[in-house]
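Each of the two complexes below includes chain A, the first together with chain B, the second together with chain C.
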Partner chain A sequence: MDFLRARTWAEALELKAERPEATPIQGGTDVMVEINLDRGRPAALLDLNTVGELAGWSREGEWIRVGAGVTYARLIDELGEVLPGLAQASRTVGSPQIRNRGTLAGNLGAASPAGDGHPPLLASGAVVEAESVRGVRLIPIARFYTGVKRNALAPDELIRAVRVPTAAGPQYFSKVGTRNAMVIAVCSFAIALHPENRRVGTGIGSAAPTPLRAVAAEAFLAGELDWTLGRAGGSALDPEVAARFAELVAGAAAPIDDVRGRAAYRSHALAVMARRTLGWAWHDYLRAGRGAR
Partner chain B sequence: MTIETGRRSGVGESVLRPDGTLKVTGEFAYASDLWLDGMLWGATLRSPHPSAWIRSVDIGPALAMPGVFAALTHRNVPGEKSYGLEHRDQPVLAVDEVRYQGEPVALVAADHPETARRAAAAIVVEYEPREAVVDPMRAAFDPDCPAVHPNGNLVRHQPVRVGDVGAAATGAEVVVTGEYEVGMQDQAFLGPESGLAVPAEDGGVDLYIATQWLHVDRDQIAPCLGLPPGKVRLSLAGVGGAFGAREDLSMQIHASMLALRTGRPVKMVYGREESFLGHVHRHPARMRYEHGATLDGRLVYVKAEIVLDGGAYRSSTPAVVGNAASLGVGPYEVADIEIDAYGVYTNNPPCGAMRGFGAVQACYAYESQMDRLAEACGLSPVEIRTRNAVSQGSRIATGQLIDTPAPLAEMLAEIAAMPLPEPVAVQADLRLLPGGVSQTTHGEGVRRGVGYAVGLKNICFSEGFDDYSTAQVRLESLAGEPHVLVHTAAAEVGQGLVTVQAQIARTELGVDRVTVAPADTTVGSAGSSSASRQSYVTGGAVKTACEAVRQRLDAMRAEHPGLSLDELLERFGPIEETREYRHRPTVPMDPVTGQGDTHTQLALCVHRAVVDVDVELGLVKVVELAAVQDVGKILNPLALEGQIHGGSAQGLGLALMEEIQVRDGRVLNPSFTDYLIPTILDMPPMRLSILENPDPHAPYGLRGAGEPPTLSSTPAVAAAVRAATGLPLTRVPIRPEDIALTPASIS
Partner chain C sequence: MRVNVTVNGRKTAADDVWEGESLLYVLRERLGLPGAKNACEQGECGSCTVYLDGTPVCACLVAAGQAEGREVVTVEGLASGDAQAAGEGGLHDVQRAFLAAGAVQCGFCTPGLIVQAHALVERAAGRVPDDAEIREALAGNLCRCTGYEKILDAVRLAAAQRATPTAPTPSP
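After this line comes the complex of A and B, so read on.
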């Protein structure tokens, strides 16, 4: 196994073009585990830790551009206000040690259906900034996941950054695991309300071959919610709407039975999480509306 | 009995352990850190099948790889081909057949661990898979079930017969029955199996090894190597946890074979996945119980059938069956008893010793039954237990008299009187709620439950085992100061025994400077670091040897009243004494009635668990665990509290998450990614009350303490989850879906 180290982003892109089979590595919290367990040893590792450009984030209008080297710990500490869904999900990743090393881009590179970063990215409508010596390509997140642990990156492409819209409305992430910390998702769910265009975003994790949106649930809810915050401060959530939304979310998934849980439980838990997170989000929306007057 | 505990760092003080800081800072040398220049690395090829014939093994491809020094099969085992703790039924390397997934088939030594692993993988084994016996009930009761071993699948059937259950049943006004299941728990030690074998000039081998009992290892290793025991010398290497999983051999013979074959030191370290396949687990159990009582909740009879899945080899299954049977009704007074406990062979992973050892499984079942009985009689869980509680003078199921304090009713009263934790506030920190920061609830669906449980555990080896320990104590003058050297073969596995040995020497000899020598086989056997026995037996041996030294010293002092201790030692030289210590003898259970004084000491622990359950998602937050335990005499308060915390945590793990999932004889989750153990957010703060009612037969009156908390915490947590959900929950670990997908809970 060769070990390649890039000092600059340009050099990283060149190395990846020369050695498209190389697996990029940063925190190593996923790649090293696979290597240690002797599962599919890569022909080469491409170390990006030394590429300084990747380690920062910036605000670009209504978007946050999160460099591929930004760790979960920094997402929690520095971006919790503007990307609350992503920060909540980051808080559930592994242990403090893992969050100090692991990166969101690593989550995307591995593209495990159980990755905690995926649902909030789907719910908020993020865009993956992929780059190669051929140039930059922007991949909408919903088209990024192509199969179990497969993504839309071309062999010579690396993830430069993830562009995430700043939250214009409430966002929540919820994850079921069999222990109260440091646990891989049995299933997970993210919701984002987008009041600016009266849309609803969702993301489902660990309940289908890929992370995915509950598209029908989003459309249904966007149409049913009474977005107007009139003098009365908006109307409470209709429990029947919440129940139908939950049902549609569960229906969007294609869970399986595995060592972490049964398909029936996953469907059930998704519905519960969808109903609860919607309740919290709508409560926040109404409260924010009242506060605005 | 009064004991002088005023001595600084003596018995009764919270003396800090010497390895504590090293372990926390990552500097402690574990067996996996052993290193010698020029050493080779061993690797094991294991069976992928739970049951198969081996048609051929070709080690050629491994030997052809550069860097490979040896590849061995059963043909290369120099002596006996099999070993075992109680019975030699386990092949060193598979001979013509494999009986479980992970059974060692061949060995490789190479100059790099990676090369060794690849070479092992290159060995070509032709298997012919056959039907695997995976259902323990079938193994126990179906005469047409294929036999895992030539003598059939029954390892031990132990009945207990007291009185006449048939007649008693007619007099019972309330009868409750239940079927219960306990999943396969793993000891989940963090330091994987590892050791270093060094070939010696005399043709023997020096083995540095993480184990629980050096001498029983040696006595199994030597015959397989074809060596006299004197040529197999063991030294204890740094142990990263044990909990029973190191009672059986793992890589000891393998590394020694490779070292003798190559003439080079050979190190073996299991990876995590290999470790899950490379040691025994807690026996899964299926149990059927029937309790009859009067209307006011007094037990009339108990009938039970307990089936323990021993997996492919015998290991300590017979003794585990003995515990399940003899302790099968728990610490309750019952006039008529009928228990049948079975241990069986299957092609599932081998099961053997784990903290609690057969008593854990039974305790979960009888305590679940006591709660059912409480409900049927309209009594509280505490009241039903109090009404039936044993005390000094009671007899347990074996007819054995409890001849030392057993204040169970008082312990129950004490735990029931402890204040209950406050409800979690509405705007609580997520970490206080079920699901933690995974944010599955902000309080929705959360219901509180409280559960109680008690447990009865035997301390030390039972059923006639010659259970002893040896200690050598030397008092001498070093650099002008008196100094004590304590040498035993007792394995420090993290329980704090090194510290306790030094405390005893300080108290007994009144000397501050004490060194505990590394444990090895140059001194007599100390017995196993299991059955909560080392403070008792090795502690007793150290105490007795110290007393012998003191006796000689007293005689010298009487003769030379003018001389100080140091002057005496300077003039007459060191005083050294070696003593063996035995506890009161026990007898085997009667094969037909199960009667007899089979245990030397019995210990009680009581738990109360308070849980918050998200009944819609089935997630549980244990809010508080309280425990009352009678330890007879506290030797080291800090270390003791650690034992009770740890034992309780292991029991909590069994209640809520810890299970090796096995399907068709194959382990599905051999890693800490999917074999979950409690984190600090799962294990709550504990409220402890530790009682000291001495056992006059034991050194200082102490009662073994490591295991009892592991028994009662599981049923206490399960009872609390039942109280919160209203569900029967007859299986542990309780899975989220057991709660969430049962309609009764969603109301």
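After this line comes the complex of A and C, so read on.
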């Protein structure tokens, strides 16, 4: 095995072009588990910790560009206000030690259907910034996941950053597991309301071969919600609308029975999470509307 | 390969390191520092917790080569001076609090918990964290023996002790 060290982003891209089989490593919280447990032995490790360009985030208009090296701990501390859904999901990842090392780009690289970063990225409509010596490619998040633990990166590409729209409305993330910490999701769900264009975003985790949006549920809800915050300060959520939304979310998934849960349980839990997170989000939407007047 | 790393304030180098090796293996097997424990090698138990550039991490998940040129502090580095020579007197306050509270049984989880508790007590900087905060901070450290209650006591004790000697005088 070789250990390749990149000092700059340009160097990292060159190394990846020369050695497309090399496994990039950031927090190592997925890569090192594989090596320690002898589940696979990469031909080479390409360490990105030393690439300074990846370590920060920046605001670019209505977007936040999260560098590939930004840890969950920093997402929580520094981006909780502007990317609330992602920060909520980050808080549920592993343990403090894991959050101190693990990164969103690592979550995308691993592309586990259970990764907690995926649902909020789907709900907010993020874009993955992939780069190689050939150039930059912007991959819409919904097209990034191509199969179980597979993603749309070419062999010579690396993730430079994830671009996430700043929240213009309420966002929530919810996850089912057996304890409050150190839990791989049995299933998870994220919702984002986009009042600026009266759209709804969703993301489902751990209930299909890939993370995915509940597209029909989004369209249904966007059409049913009474977005107008009129004199009465907007109207309460219609329970029938919430129930139908929940049903459509559960219907979008393709869960299986496995050690963490049964398919039927996952469908049920998804519907519950969809209804609850919608309730919280709508409550916030109305409250913010009232506060604005 | 060779890995140059500062451990507990001393610059040191490990030779013949395999490229897929973890920092934990380097510390224990190559640098003679068995404080950080190896229990799961998959980030689940926290018994290998060390500081990497001031941040607590699982040493089993850091590739040895990633520690190149960086600073590591292990549980051995928390005690002041030569702990063995000084006896219990050389121990850090957090270590003493664990002894006083009876938070150590078999002791396997202890080094990782000491480092993680140390980080919490330092961050609290004289405030005694509430239960929820302590539980959250220690959520990545498993203990099979104590049932955790005495560990919580130890953290509260260490935090309170840190508060007392340097208690800031209230500003006017």
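Throughout what follows, the second predicted complex is superposed on the first by the 293 of 293 C-alpha atoms of A that agree within 3 Å, B and C clash if a C-alpha of one lies under 4 Å from a C-alpha of the other, contacts with A are read in each partner's own complex, and residues count from 1 in each chain.
Simple rule for what comes next: a residue touches a chain if its C-beta (ideal position, glycine included) is under 8 Å from a C-beta of that chain, and two chains touch if they have at least 3 such contacts.
The model shown is predicted, which means the values in this text are computed figures rather than measured ones.
Participant: By the touch definition at the top of the document, which applies to A:N100: first (chain B), second (chain C), both, or neither?
Facilitator: In the superposition, A:N100 contacts chain C only.
Participant: A:R276 in the overlay: touching chain B, chain C, both, or neither? Say first, second, both or neither.
Facilitator: In the superposition, A:R276 touches chain B alone.
Participant: In the overlaid three-chain picture, which partner chain does A:Y172 touch, first (chain B) or second (chain C), both, or neither?
Facilitator: Touch status of A:Y172: first partner only.
Participant: Scan A:N180 for contacts with chain B and chain C and give back first, second, both or neither.
Facilitator: So A:N180 meets both chain B and chain C here.
Participant: Classify the contacts of A:P211 with the two partner chains as first (chain B alone), second (chain C alone), both, or neither.
Facilitator: Touch status of A:P211: no partner.
Participant: Touching A:R262 in the superposition: chain B (first), chain C (second), both, neither?
Facilitator: A:R262 sits against chain B, while chain C stays out of touch.
Participant: Identify the partner contact of A:G201: answer first if only chain B is touched, second if only chain C is, both if each is, neither if none is.
Facilitator: After superposing on A, A:G201 lies clear of both chain B and chain C.
Participant: Quick check for you: in the superposed arrangement, does A:P113 touch first (chain B), second (chain C), both or neither?
Facilitator: neither
Participant: Once the shared chain is lined up, is A:Q88 touching chain B (first), chain C (second), both, or neither of them?
Facilitator: Touch status of A:Q88: first partner only.
Participant: Between chain B and chain C, which residues of chain A are contacted by each of them?
Facilitator: Shared contact residues on chain A (touching chain B in one complex, chain C in the other): 36-37, 180-182.
Participant: Which of the residues in chain A come into contact with chain B in the complex?
Facilitator: Within the complex, chain A touches chain B at residues 36-38, 88, 91-92, 172-184, 186, 259-262, 264-265, 268-269, 272-273, 276, 279-280.
Participant: Within the complex, which stretch of chain B touches chain A?
Facilitator: 117, 271, 273, 431, 434-442, 444-445, 616-619, 621, 656-657, 661, 668-669, 671, 673-674, 676, 678-682, 735-737, 740-741
Participant: Provide the residue numbers of chain A that touch chain C in the complex, in ascending order.
Facilitator: Touch residues, chain A against chain C: 1-3, 5, 25, 27-29, 31-33, 35-37, 41-42, 44-45, 47, 49, 73, 94-98, 100-101, 180-182.
Participant: Which chain C residues qualify as touching chain A in the complex?
Facilitator: 1, 18-20, 22, 41-44, 46, 49, 55-58, 60-63, 65-66, 68, 116, 136-137, 139-141
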